[in-house]
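What follows is chain A paired twice: with chain B in the first complex and chain C in the second.
This part shows the complex of A and B:
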């Protein structure tokens, strides 16, 4: 590049504000958390190093396993519903008249602009057992069981998944839609000339081409939902009977309510490991191509 | 009937059938898309309509789609009986500060990565990239313990500044700035512009769409943040909107859903409107990087 040598310090000066803040608010805290995770620190007083004690306690903590299991099933079920739905929406948008498609796309993007706190409050009202419109609707089509969306350990997890799916599907369909625009037109034309039906074309030509973007969406949405906290914390605080306890809620309770800072820090590193493993998955799968 | 007429008729029949098929397919597609629109908008509609209903109507077994006796009492109560105006002000101050700071730092760093070659460039870039997969909670724990020791919790500073460090903003702006031609920057330098002059007078005005996309990204994140203020702030006077609304909800003695929905509507409007104004830039900015891989 031509600007090389013109000013040796300029790039560093431009980077300085960001990297200074990045060091203070990311790098140092990341290191500090790692250190805390080897102590029995309560947030006050002196450090006492306990080696791997927190991690050993964690492995033996049944509530942590419960939170881990809940979080994993939320992430997987949510993705299993959201990904196909987002793909179908993107394919249909792609097939629709362009001007109409753009209007639909705008509408589908609205939920992601609603904050998670508001989503939780609105769904609390929507899913109210006696007065909520959802149960009214279910009764109208003949389902009279009045599901207790907000108070039973059987339904509460589905409430959480429902909120996530509602909020994220349109958002991620925009990514899949962008991926569709990136598929070379001649591949599709060639398949059409060979007489492939639209369904076969979609299944055998378009979907394989979408694989990288679908993987990207899967990884991104998993990274976010492994950190599930706002909605379940507001609506359930982990209950009923720990059925909605996620890793982050358990971590929050331990660190900020019970003062077990070291234990919470250890948990935050387990969560980090899980998320990093998921991110690496993306690179591994993409590299194989 | 001559042979050619037969051919003509058959072709015509096929054409009509094809057109009918095409029309049916389009109708089916639009039908499904409209169904998804209804599902998407139903909760939003319910939020808005509930905010105009009296409490008695929200808890009536008799379901009605439209408010029977519309009222703005919920909005009046929200401003008269709660700290909502204060939370709104806090949210605006914090979000504005965080967004300006984040876009400022992000555009400078993005410019350095896009238009300079320097030692440690790829190391610094990968360092930032790697932090994307580290959950925020890892940083929340130490930042909270330090800030509470030096008495900086319960301040605008802790609400606005640390979350302004946003790696996505850097990547997004780097991508936009990479699209500018080197020759243009070079000729500005020949005309005597300083490096800062090139950045502030040439680069920034040209990547305004990118700045807008990054600003919305930061705005949405800061405006809807819940866990960060939940940990960092104790006094009601410093609550942001999400924290304030969640606190109203958690008060079992005085749970007024109509008022909550009024607050939710007011908390939602600024982001939704900002998005609607800038959607094309925002979506393309967001998805560009993903598609390129």
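This part shows the complex of A and C:
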């Protein structure tokens, strides 16, 4: 009897270290930050309970809404460009000779491995108005407006999107490529036997089969986009005129730069709820089983 | 024979090892280790200090400057994990002053030290009468200028007033068919664009805040300076908008596209680093006056302080090192040599090292081009910078005029900061 009791307890004892660590490093900080979101804490000294004041201030804060609009713009526009591009690249890789495909897979994955600071600095040089090659190329094809990619609120957000698309497309194309390998070959062969062209095959057979992986990529990419921080921070610090300010940047500013830890905590919970709601919406709308 | 010697050999080895460990432990126990968080390479300076203070070991831990501030904030909030000594930028120091988390360093400041550092710098490092930070360096504004261009266009050095500066800029712009601008203007502003603008405001005796921390409203000097700043690019065309300290900014500098860089003293090292092809072509001159009748003054870009967290168990040792680095000629010269920051302790600026002619700058001496500064009051600097930077960006985007930019800035400070 005693040995049976011990054998029932043993698994839980083995799991205990993980749950202890989880509680200490995850649950406690999450609960603590929720508590801080109802206070006026600056990060040092004592704090005062303020109820829902931080959340009310958030609703009335025009900079928060500007950051939220910017963030949603990034999420939608970036995904609208990246997802089709990643799919096309994966399809091309899949259709190419296997050895060539492996080489290209490596090349397209490189951007996500490069340090973000290096990427930002290189894009700074590429997009420079005076000597950057991008504006010169545009001029060569007849676009003479010489866009101010780095100094204009009209173009700066597009600079961020370009950087993000360049950086992430290869990474997500790897997921789509993996999904393509999972499509049963007999379905494709059957479609070819029935006379389907490559375009009809892709549109009516392959893409529907890819739906689960595309949904996964869309959700993961959206979550990453909602947390956009590095690119706009390194290049613009939210400027010009808050045109590139994201929610996570604003959260960082308030928490670490302005000393408004309570306000930053409230913002973090609002951001979490937004991400959860958006993800659920994506699953609900796009995952028709 | 062998079995008799082995135990003896092993015993001897063990005895020697234990003795060495014991002696090391004893020696360590007699030395105090000071953990020093910084973002600059001060190893040579630390070595010089340790040679004079064999009882103190200074262990440097380097971070990026803003990482350091974030981590220190976290450690102070947690009540544990702070170093014995931390370097902080003076513009952010007000956030730490009223927290009660820093040790009082007043006993470590001698009357000579106090008198030899500008009072405007002490103001930013004190809470009431308590000294909570020891200033290491400061960044007074000078004008780095291209000798060859000034000679080509017959521009007299030093330039006396900013009106003369604008006139010189127009001649250079016209004479180079718009290729060379007199100076850069930092857009988007970001933190450093605002710091650059603030330097101009400060140099004419202006401020954003009063000494009591209240925002100066209907700030005529701010309005006039911001209009002047805007006009440099949009009316006179002598300033070229570019983000500060980006690769493209330094590419423009090394391509010879700017005739001057009105900037702080530390910028000289960056010019040498990024425009090494222009050795001997640059010179240094003092900050121009705002009119012929006004006094000679410059503005402060910033500077750094050393602070001892109250958590530290080695406060005296930490303060001893800080005092050496900030309040002794040797320490200040070592700081200058290691980092390039202009010593804030006046006697250090009179030493042969600081009076050394800079070959890159045609034999000019940086320390001989410094001018007095008025007090500048840093309050809620991080948020103030963001709010002012936003309006400067809106101004240069054409969304507001200068008066509206300042009105919006004042409203935002009142609403967001409550000053």
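In this text, the second predicted complex is superposed on the first by the 256 of 289 C-alpha atoms of A that agree within 3 Å, B and C clash if a C-alpha of one lies under 4 Å from a C-alpha of the other, contacts with A are read in each partner's own complex, and residues count from 1 in each chain.
Assume a residue touches a chain if its C-beta (ideal position, glycine included) is under 8 Å from a C-beta of that chain, and two chains touch if they have at least 3 such contacts.
Just so we're clear, the structure is a prediction, and the values are computed from it rather than from any experiment.
By the document's definition of touching, both partners, chain B and chain C, reach A:121. Using the contact criterion defined above for the overlaid structures, shared-chain residue A:230 touches chain B, although it does not reach chain C. By the touch criterion defined above, A:64 lies against neither chain B nor chain C after alignment on the C-alpha atoms of chain A.
When the two structures are aligned on the shared chain, A:43 is found in touch with chain B and with chain C. Of the two partner chains, chain C is the only one that A:242 touches; chain B does not reach it. Applying the stated contact rule after C-alpha superposition, one finds that A:30 touches chain B and leaves chain C untouched. Applying the stated contact rule after C-alpha superposition, one finds that A:130 touches each of chain B and chain C. Which of chain B and chain C touches more residues of chain A is settled by the count: it is B. Once the two complexes are laid over each other on the shared chain, residue contacts for A:96 go to chain B alone; chain C is not touched.
Of the two partner chains placed by superposition, only chain B is touched by A:108; chain C is not. Shared interface residues of chain A (contacting chain B in one complex, chain C in the other): 43, 121, 124-125, 130-131, 256, 261. Those residues of chain A lying in contact with chain B across their complex are 1-4, 6-8, 10-15, 17-19, 21-22, 25-30, 32-33, 36, 43, 89, 92-93, 95-97, 100, 104-111, 113-126, 130-131, 133, 136, 166, 170, 174-175, 177-179, 181-182, 212-213, 216-217, 223, 226-227, 229-230, 234, 248, 251-252, 255-256, 261, 264-265, 268-269, 271-272, 275-276, 278-279, 286.
On the chain B side of its complex with chain A, the touching residues are 25-26, 29-30, 32-33, 36-37, 39-44, 46-47, 50, 58-61, 63, 104-106, 108-109, 111-113, 115-118, 121, 124, 127-128, 131-139, 141-145, 148, 161-162, 164-165, 167, 170, 182, 185-186, 189, 195, 199, 220, 223-224, 226-227, 231, 241-243, 245-246, 249-250, 257, 260-261, 264, 267-268, 271-272, 275-276, 279, 283-284, 286-288, 290-291, 293.
Residues of chain C that touch chain A in their complex: 69-70, 73-74, 76-77, 95, 99-101, 187-191, 241-243, 246-248, 251-252, 255, 257, 380, 382-383, 386, 389-390, 393-394, 396-397, 399.
If you check the complex, the residues on chain A that touch chain C are 42-45, 121, 124-125, 128, 130-132, 150-153, 156, 235-242, 253, 256-259, 261.
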